[in-house]
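Two complexes come next, and they have one chain in common, chain A, joined by chain B in the first and chain C in the second.
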Partner chain A sequence: MTALIEAHDVTRSFEVSAGMFRRKRKLHAVNGIDLTLEKGEVLGIVGESGCGKSTLARILLGLLPPTSGTIRFDGRDLRTLKRRDLARQVQPVFQDPYSSLNPRRTIASIVAFPLDVHGIGSSADRRREALKIMDLVGLPARFADRHPRELSGGQRQRVAIARALIMKPEIIVCDEPTSALDVSVQSQILNLLLELRNEFGLTYVFISHNLGVVEHIATRVAVMYLGRVVELAETSAMFANPRHPYTRALLSSILTPVPGLGIPETGLGLAFPDPLNPPSGCVFHPRCPSAFDACKCVEPQLAGNGQVRAACHLESFNTGPEGTSAYES
Partner chain B sequence: MADTLLEVEGLSVDIKTGNGTLHTVRNISFSVKRGETLCLVGESGCGKSMTSLAIMDLLPKGAKRSARQLVFAGEDLTSKKADQFNVLRGNRMAMIFQEPMTALNPAYTIGDQLMEGYRRHKSAGIAEARDRAVFLLNKVGIAAADERFGQYPHQLSGGLRQRVMIAMALMCGPELLIADEPTTALDVTIQAQILRLLAELREELGIAIILITHDLGVVARIADQVAVMYAGEIVEQGRATDIFSDPRHPYTRGLIDCIPLPGKTTPGRKLGVIPGVVPSLIGEITGCTFRDRCAHAEAQCREPPPPRQVPHHSWRCILEDA
Partner chain C sequence: MVDAALSLQTIMEPAAGARLRRRMFGQKSFVLGGGLLLVIIVVALLAPLLATHDPYTQDLARRMVPPFWYGKGSFEHILGTDNLGRDYFSRLLYGARISLLIGLSVMVISGIIGTALGLVAGYFGGKADLAVTFLVTTRLAMPVMLVALAVVAIVGGSLPVIILVLGFLKWDRFAVVMRSATQQARSLDYVAAAEAVGASTSRIILGEILPNVLPQLIVVATLEAASAILLEASLSFLGLGVQPPLPSWGLMISEAKSYMFFSFWLIAIPGTMLALLVLAINLAGDGLRDIFAPEGR
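Moving on to the complex of A and B:
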């Protein structure tokens, strides 16, 4: 496997105004993230609202430059790549198919729009290509001259996927692609994404807060908390044996439709941290059921073996011989 | 435990539109007992929210409610006038909405908003209302309730806001609590906390809860009774254990098969789908509304589907068991 994207120590901060006469404060939406994306894999990114997963998606799409750190795309530095060149390789599918499609354009012209931007083919070619892609994602040709308002949510999300596919990208970054959809439609879109991946060898970055969905589609999962990746592991390994206490809490809060199991106790408490003023040491320690003194002052680094890595003091003490402790390096 | 608090029979809600009448809720019947949680589950547009608004008499202008019977704690709601409803609403029946940010007024402190209904319904003074508000803020798990009392909604996180909404709904000691997607806008870990809180309150205060959701996971964990809605109708209802262990209606079965489940569905495999889309509810509707999407549909589905029943469990389908 070759790494399509290598992100090293990527940080993105925003200046947040605290009032007219106060100093602006820095919010680190994404804070020192190391990630690789291998060809053909589906990298799931999970975490709660405000953990920085959408900011990370926008960085990977080249829509938002990182404040510091490097991102290499196919070995080339992102900063040296032109926006258009990147867009040929990486395409987005956003959460809300109601606001991500231009309501005044027809479906065929929305799907063909990336070809317009890149000046590919004649207008007849573009339309032909659009119809081909629409067929691929299960949109009948009779929709070509309709407008988004005439389509259901699931059909609109198919339009968004068709638009992402028309440039034949290597990577599709899906930011909560099924959250706005009903469950019966969600399963159709997930099936479609999996089929397309098998057919074209696509690589996905799949952002979601729904862990059931992530388990189904992702091959590897990154768990984010307050701008940091706290656990990164192969999906099956993570679901079988979560290492970070936050991952454990997330997994235990999945509500499977099995009656009689009761409602899980996550043991996380209510103290959600202020991202402008993150806790010292491990950012998770105020909510962590197994926090001890060291967690308040020393920030744990991602450590572990190739399959499973977690940023937790308990974990770095516990890793086996193949694991590297956070303190050795 | 066993006495019925709310009895709904033949409830319909019609909305006049430019293209004809939209039958958003059609002839549904259910009942809720004290201390019991009923979940109305279904996908968007199935009429579950309209049902709750019809019970609370909060339907939007242009929507018309009709019912053979709508009885709350022995009182007939169909004959009540608007000002008589004002005495009930917020007092003996209360509601929690999905989005706590839009349900709270950003210009008033949460304390003011908590006290408003109580002072009005109970003719209570400020001191008494304040005591009750702080007591309930503590009860719903808000630390430093005294401080929070004077804060504005924007100073609270989503989970805390929803707790404030729950405290507000409890202020007057309601007998019925209607929660419309109370956890949909919240993170998963917070969702579990809020659901626990609702379950504890039901246990402790003996209130009846109607919980409206699209999430079958939520339903399975909190419901005593379940009513599955599709296209304005209840297609299947019964005890939660029966609905999940032995779903009889093809739609219920289809919904359960759609959900990816760690440990149950195989990652990367095809998930179940329900083909097609929900039919338009404008104009005259006859026969089974699910027939266009159903794998078992036959010619006789054009006729109204027969009601079927086993103990604690009823559904409407030509089939005994899909």
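Moving on to the complex of A and C:
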């Protein structure tokens, strides 16, 4: 197994100005993330809105350069890679299929556009290839000359997947690919993604705030909070035994189909901290039910065994499963 | 069963061309404005064939002949003659050419400048945006009429000078509208998708963004063409535009103003034509916008 993506200490900050004469402040959307992506895996990235998931996705796609840190694709540094070479390795599927397809183009030309940009084949070849990929993602050929507005949300998302696939990339970065879709269509798209993964040996980075979806599709999950990865674990291990208090709160927030239970209580409170002015120490401590003094001053690092790692002081004090009882009361 | 399904589909999906045509003819303002504009364009193109007289030939013996519907008028000069005895109908036809030429050329010149600036500012943002915004503000600080008058007074008025002066002055609205439209389009994911594919910047701007801001461009272009025609008329009226004996409508109005109380038609006819042309262009532009972007109504 070779690592397709190795990200080391990736940080992206934005300058936020509150007005012409105010001092500019830095917002760290992504703050010191270490990640590896192995071939064939599905890395789920979860977290609240504003935690930096989408910024991370844009960095991995080469749309935003990281402020610092290094990312290697197949051992090659992102900064030395040309955009076109990167495009052959990583392709996106965006959240909103209503804005990710150019409304002026026909479906076939949207799907064939990457080939067009890379100058692959004649225009007849490209169309043939586009129809082939469309068939693969379950789009009938009669859609080829239609425009996106004539398609439903699920069909549009299939078009977006077809466009991502046509370059035969190794990695597909899905930024909440199902959250804009009807529930009935969501599972179709998820299953399509899984089928394609098996067929082509694809690797996914799957960003979502829907834990149910992530549990269904991901092999490994990274939980993000305020631009940091707070827990990184195999999916089954994380859902069976979440280590970080934030992960536990997220898992308890999953809505169950049992009526009468009401909306679950997460114990987090409502206040999402100001990303411009993050809390000291462990960024999660103001909302953490088990925070103690050290959490306010010292920032915890990801710690734990290879399968489960969490950035929590409780975790680093009690590495290993036997220590969990100390704070699971 | 199969046949029924097939025929149903053909009913539901008319060809793109047929759909566009149906939408165009369903648009009353476009049909009216476009029709009128088309008539004026055809008449202007066929002016040498349609004109009953040479527009420059003076006949002082037959000055100020009224149009045919007056008792003293005749079909010899359908719309009468002007103060130098030139056939008014023929002059009106040739004047349409000048107005249309000015409207179109100014629209193209200012459209190219303004659209390029707007696209660059909207796409790149940051310093490019600041620079373009500064240019636009500077340009807006100069009154078009005043600058045009000054330049014409220095260089001398002629058709090419008027076209260039107006063309280089009237790009501001193109730039402003294109900038905000581009900013909007740029934030959409299809632009990010094109970037992720490795498309070049020029390709993204011209192939992905420009087609999507075309409806706004068309509206501005028509408004600017109409306003350029009016500006030329104003300049010619002030005597600093197209020079006599060229039959510009503004010039005709200007020449007629001294006879306004005695020969009313001399000023009413070119004035009406000017108003009709501007109305036709604006109506057609409005209609076109609705045809290209029905969702934007």
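In the analysis below, the second predicted complex is superposed on the first by the 317 of 329 C-alpha atoms of A that agree within 3 Å, B and C clash if a C-alpha of one lies under 4 Å from a C-alpha of the other, contacts with A are read in each partner's own complex, and residues count from 1 in each chain.
Throughout what follows, a contact is a pair of C-beta atoms (placed from the backbone, for glycine too) under 8 Å apart; a residue touches a chain by one contact, two chains touch by 3 or more.
Just so it is clear, the structure is predicted and the values come from calculations on it, not from any experiment.
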Fit-or-clash call for chain B and chain C when the two complexes are aligned on chain A: fit
Which of chain B and chain C A:G119 touches, first, second, both or neither: neither
Chain B versus chain C as contact partner of A:L194, first or second or both or neither: first
Partner touching more residues of chain A, whether chain B or chain C: B
Partner chain in contact with A:E48 - chain B first, chain C second, else both or neither: first
First (chain B), second (chain C), both or neither touched by A:V90: second
Which superposed partner A:G75 touches (first chain B, second chain C, both, neither): neither
After fitting on chain A: smallest Cα gap, chain B-chain C, Å: 11
Of all residues in chain B, those that touch chain A in their complex: 43-44, 141-143, 157-160, 187-193, 195-196, 199, 214-223, 240-241, 243-245, 254-256, 258-265, 267-268, 270-274, 277
Interface residues, chain C side, partner chain A - complex: 16, 188-190, 192-200, 203, 208, 211-212, 295
Chain A residues touching chain C - in the complex, by the definition given at the top: 58, 61-63, 82-87, 90-92, 94-96, 99-104, 113-114, 117-118, 145, 149, 160, 163, 167
Residues of chain A touching chain B in the complex: 48-49, 152-154, 182-184, 186-188, 190-191, 194, 209-213, 215-218, 235-236, 239, 249-266, 268, 270, 272
